[in-house]
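Presented sequentially are two complexes of subunit A, the first with subunit B as partner and the second with subunit C.
And now, the complex of A and B:
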């Protein structure tokens, strides 16, 4: 009730994770995985889902040792104050960079598809202003909004089902596994980027009510949903478009809808994209939230941090969104993400075990 | 230091007269009682003369001696000694009996109660529900509520607000059900009000609401006792203001504005159907003109060629941007509504006809506005009046404007952003600590049974939890006969 500590339920956590993961990445996902994995792109995504599942288990093992701390507190506890601060700064930059990359990509796609003549800064200002408006409140309100936004994803799934009636060619994905293990792995690597967002768990864990039990189930459901949704869409694209077409189409998911025509509406892709603005924005909101939590820590300056980060995001969105720059940005983000999302939690888990052992050995 | 009565009658009388600024409707009646001079004071306009004669004057003349509170036959006889107390009693419609050599006076309640008879509220009509409505008298309104909930738990807390107006304000709630923390907060806010005059519940709403800058109404006004009581039994608090037939209900959720008493008296499928229609109306009244503007000015490729052709043909001779069209038409509609709403019916009808003909046909024939736009605006206007509570419909119309502007400037993207911000705002809103957009945000599956849909009455085992009632269960046996 009033004044009690801000907390969210497990159901809300599930929705928050789903909303953070699903975003702009989906639109180009089939194109990205197809680059290396060819017709076996859908296997790549399944595999990426399995990897994420393992990561989530590692996260939970780590977090259960510190049920009241966010990642930034854990690093300080395990690595000491100075090293911890350096690592936390890296984490902060990771969130800011991911957030701004998402913003830049979103502006780019909106400029290409919906508003070819509107200057990018107007779009980015509106997006970031609305993100800041929600993020300044608190996690509970964010979670409420994300739960509502998930209904939209259900609407989108319904629209997606319509595209089943497009002509399909199952030959495109046969024979299964023909791309070879290495290429499928490379495909997973690319898919992982589109599925980022599960690392929010590292910060949300202490806010969840009853976070001692049943967390694995919750996060697994989130992962299951995202992985199957992505696999489903990618599979649809892979059987609808030929490999040559897929190679040329940057956002195959939108083209999936462009083929549909009805008596009352045409160009479903525009409507799809307009609705998709919401899941895209929710990802940015979450990264803005994470960056601000990083910056503010447990102090009360959270609101100011949100506004500062909003301004930083806005400034970063002025980076011209040519293909070359966005590709470099994506590379940086992926490099950073491997450090923060995979390497750091594993290291922390190992350290926490060592510390525990040494303590029990030394003091008893 | 409060002025007290003295033993001298003339002195007391002068003091009271001074207290009332020598007003000329302060009447007196001189008599002899117990062989002493005795004066009865009353505000001529506030008392019922017949009662005064039969219950006060006649018994005193008859008895000639004894104790006043035994002699006088009225229900409420009270001894008071300070001038200000006497003053407030006089203003409530009591008469004051002063006796030579006594430092106390007796006040007897003989108030004139003129009140409108109980009628069907004009702005909340119903087909299948109770037809009584609140009136301007706070006593009658309390009676209407008490008659429906006959429980000792019904608690009335009264306040007198307004330095000049001294308006009676009553807070009504169920002591065993309403969330005590919330009730305390409401009491704190109400008792903090210090103004000269308080004339309507609208003012008090603005004084105590959480988010004055929100376009959404955060308290529900109603003139229907059945509606008020139905929220009372959900653990909400009612606020009655003397002189205002509208009762304030708080804290309220968004969805309460789309519930009507009739829903519960129709079959549940019918009720659910109407609920859905109303929510559709809300969405239409916010979005429809904006979507039209966005489509014709940015995304005409969304329409298949057949429809696009007919829309384009109607736009052919119109010299204005669709946004200007939509905006002026909305304004014209508001003008028509405002012009006809307070006029006597025959004139209002004339305005309706003139407006209808001018807007409907002449404007199109003069090709100021396209045919499609008239259809769109007509639909929007009708759907904004569907809301059972007028305020929400008006707020929907108002919100339609920013969405229209966004659509005219940024197309679909603008609509999506503005709608998203509106939903964010709804998620953020809290009234008296209770979430406004409950049960959608935060999502409470159990409470959904009485929002977008209306489940059968026997399914509503628990009451809505948005105002955190002390206990949830509200039904124990409904269709128990089936099991035996």
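And now, the complex of A and C:
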């Protein structure tokens, strides 16, 4: 079924997952998790990582039963044609919606921090045009670009290390566990939203070379990397800013770099943000790809689907990015994500077991 | 098809972001130093030193140093008023130093600095200092017409490296202002003569308000060691015996500080002991030059003197209600129940602080 033209290696899958997960969510993550988990926000992220690991295991169990199918094919096989189509439409809306929310948030932050005088539509046009340009080529090209772009994530990690020299106060996170289990869980809930993107696995699985074994290792590495990177940065923010201050800052990660100054360079936050455009864009590219795969299925209309989705994204990016609207949007995304990312795969796995039992029972 | 592509590229290059967000250096007036004062009528007065860059053509620029004033009831409109006085747009992002007059600082500094936290262009790595008298008097001092802000900045950075000024920028000040149970120290500047300004020591802050109490440079050197904040160098001179005219200049090479806090959970008494172990070198000891130094005896003498001074410092800190060690923060995290019952604003004065300094001489320079 799958031609060699559009297959990717496991290493490329690793990079694709990392690039999809890392994105705009990180910038405000420390603020979001400490809202409920206070000084224990870093535990929340670790816990979210554990939850994602469980989800990934569930995904793989489901996908191994259908090694040549994407999620949209599996739903049709398990739920029947009509119900399957309805579910697939929901999945499609989820991807388009998440993609456009990411675009809106990205334009908002670029307009606020980097390009205050540039009209928002110009920024969104430039971003979406380059996204469409990359996405119309096949998955392998996307994967190669993502591998290349990972270099920039390494640069960002190097910049992050500089902020270790800012004054730190370990007392801000003490005593460990003081927020209580319930609040830490609530924090994980928010952290999970920033770490979304691993659901791409549900669509990428059939394209991976040798997807019968060793997949768990690959996806676990991706999860491990993202979780530790996020935990590290959140930890830095938690010990650098006092709880009351962190409560007030919208993008604490940028503030981390704002306080740094050197003889040659100042305002490292602007440099960080300029580079951070790449991980932010790669997330949008992946959602555009997923939405188009959803729309086109295995048919050849993939290229048209990308262009149509690109136009939809561009139109949706005209939604004004006031604080109130972006808050509502992220809330809707979180509701949808719970349905698509957690509930649906679990349900499908359960169904696939039942179907198998009934079939084997039928044979007996 | 190819022509269609070309058209697309031309269209896209028209949209390059630089067309919108370009800023010309010559259209800007850079503020490099800001001073805030409270006038007698209760208004806020701002004094700014700006650098106006004028193109002379041929890539040459003329730099002009201008002093501007604005006065309003609230500080919020001051930026606009300054903007209306200069050619082009005013740019606060290069302001290196913010001076706050002592009267203004006594009413609180957090509100004044809010603009720098929120603003996109504000550089939060800049320095803040409290001035004796008005900030205007300090910032309008002419030092050979060089931008005074750079002079002040260099003086403060020198003080930080010599470990008698705390290393604070707006970002760390903001953190400390919003931390319960930990207070701030800020550099204290004064104008000595109309042409000269100097760092007089550190100003002790009580929350975001200036307590009115200050420490001299000698005292703040020891205080920063007690806070375990040794930067590049730290020098102190001590008078060991006035009658014998015995004095010494030492430099601290290594600091080991132990801050122990004991809380009596019944009555809420807090006891803090600060044990300081210093490894020092002797820079100058013009006494008994015909003999070698008796290191044991001398180090005991220095230890006694420093412990005495440390006690004086903690007394002043408690009078000023300024807790730079973060004793309150430690209590709040290790004894949360007791912390709930305490009213730190009042109870810090009742904390028993026991400083103890021990020195060990590890270097005596070129002579014994």
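Criterion: the second predicted complex is superposed on the first by the 358 of 364 C-alpha atoms of A that agree within 3 Å, B and C clash if a C-alpha of one lies under 4 Å from a C-alpha of the other, contacts with A are read in each partner's own complex, and residues count from 1 in each chain.
The rule is short, and it goes like this: contacts are C-beta pairs under 8 Å (C-beta built on N, C-alpha and C of every residue); 3 or more make two chains touch, one makes a residue touch a chain.
Because the structure is predicted, anything quoted here is derived from the model rather than measured.
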*Thinking of the overlay built on chain A, is A:261 touched by subunit B (first), by subunit C (second), by both, or by neither?*
both
*A:115 contacts which: subunit B (first), subunit C (second), both, neither?*
both
_Once chain A of both complexes is superposed, is A:167 in touch with subunit B (first), subunit C (second), both, or neither?_
second
*Look at A:144 in the shared chain and tell me whether it touches subunit B only, subunit C only, both, or neither; answer first, second, both or neither.*
first
_Which of subunit B and subunit C A:175 touches, first, second, both or neither_ = second
*So, A:123: does it touch subunit B (first), subunit C (second), both, or neither?*
both
*asked:* Just to be sure I read the superposition right, which of the two partners does A:242 touch: subunit B = first, subunit C = second, or both, or neither?
replied: second
*Contact residues common to both interfaces of subunit A (with subunit B and with subunit C)*: 114-115, 118, 122-123, 126, 261, 266-267
*Across the complex, what residues on subunit C touch subunit A?*
12, 15, 17, 20-21, 120, 123-125, 167, 169-172, 174-176, 178-180, 182, 326, 329-330, 333-334, 336
*Quick one: in the complex, what on subunit A touches subunit C?*
112-119, 122-123, 125-126, 129, 166-167, 169, 171-172, 174-175, 178, 240-242, 244-245, 248, 255, 258-261, 266-267
*In the complex of these two chains, what residues of subunit A are touching subunit B?*
1-2, 9, 11-12, 110, 114-115, 118, 122-123, 126-127, 130, 133-134, 137, 140-141, 143-145, 147-148, 261-267, 270-271, 273-275, 277-278, 281
*Where on subunit B is subunit A touching in the complex?*
181, 185, 298-299, 301-307, 410-417, 420-421, 423-424, 427-428, 433, 435, 437, 440-443, 468
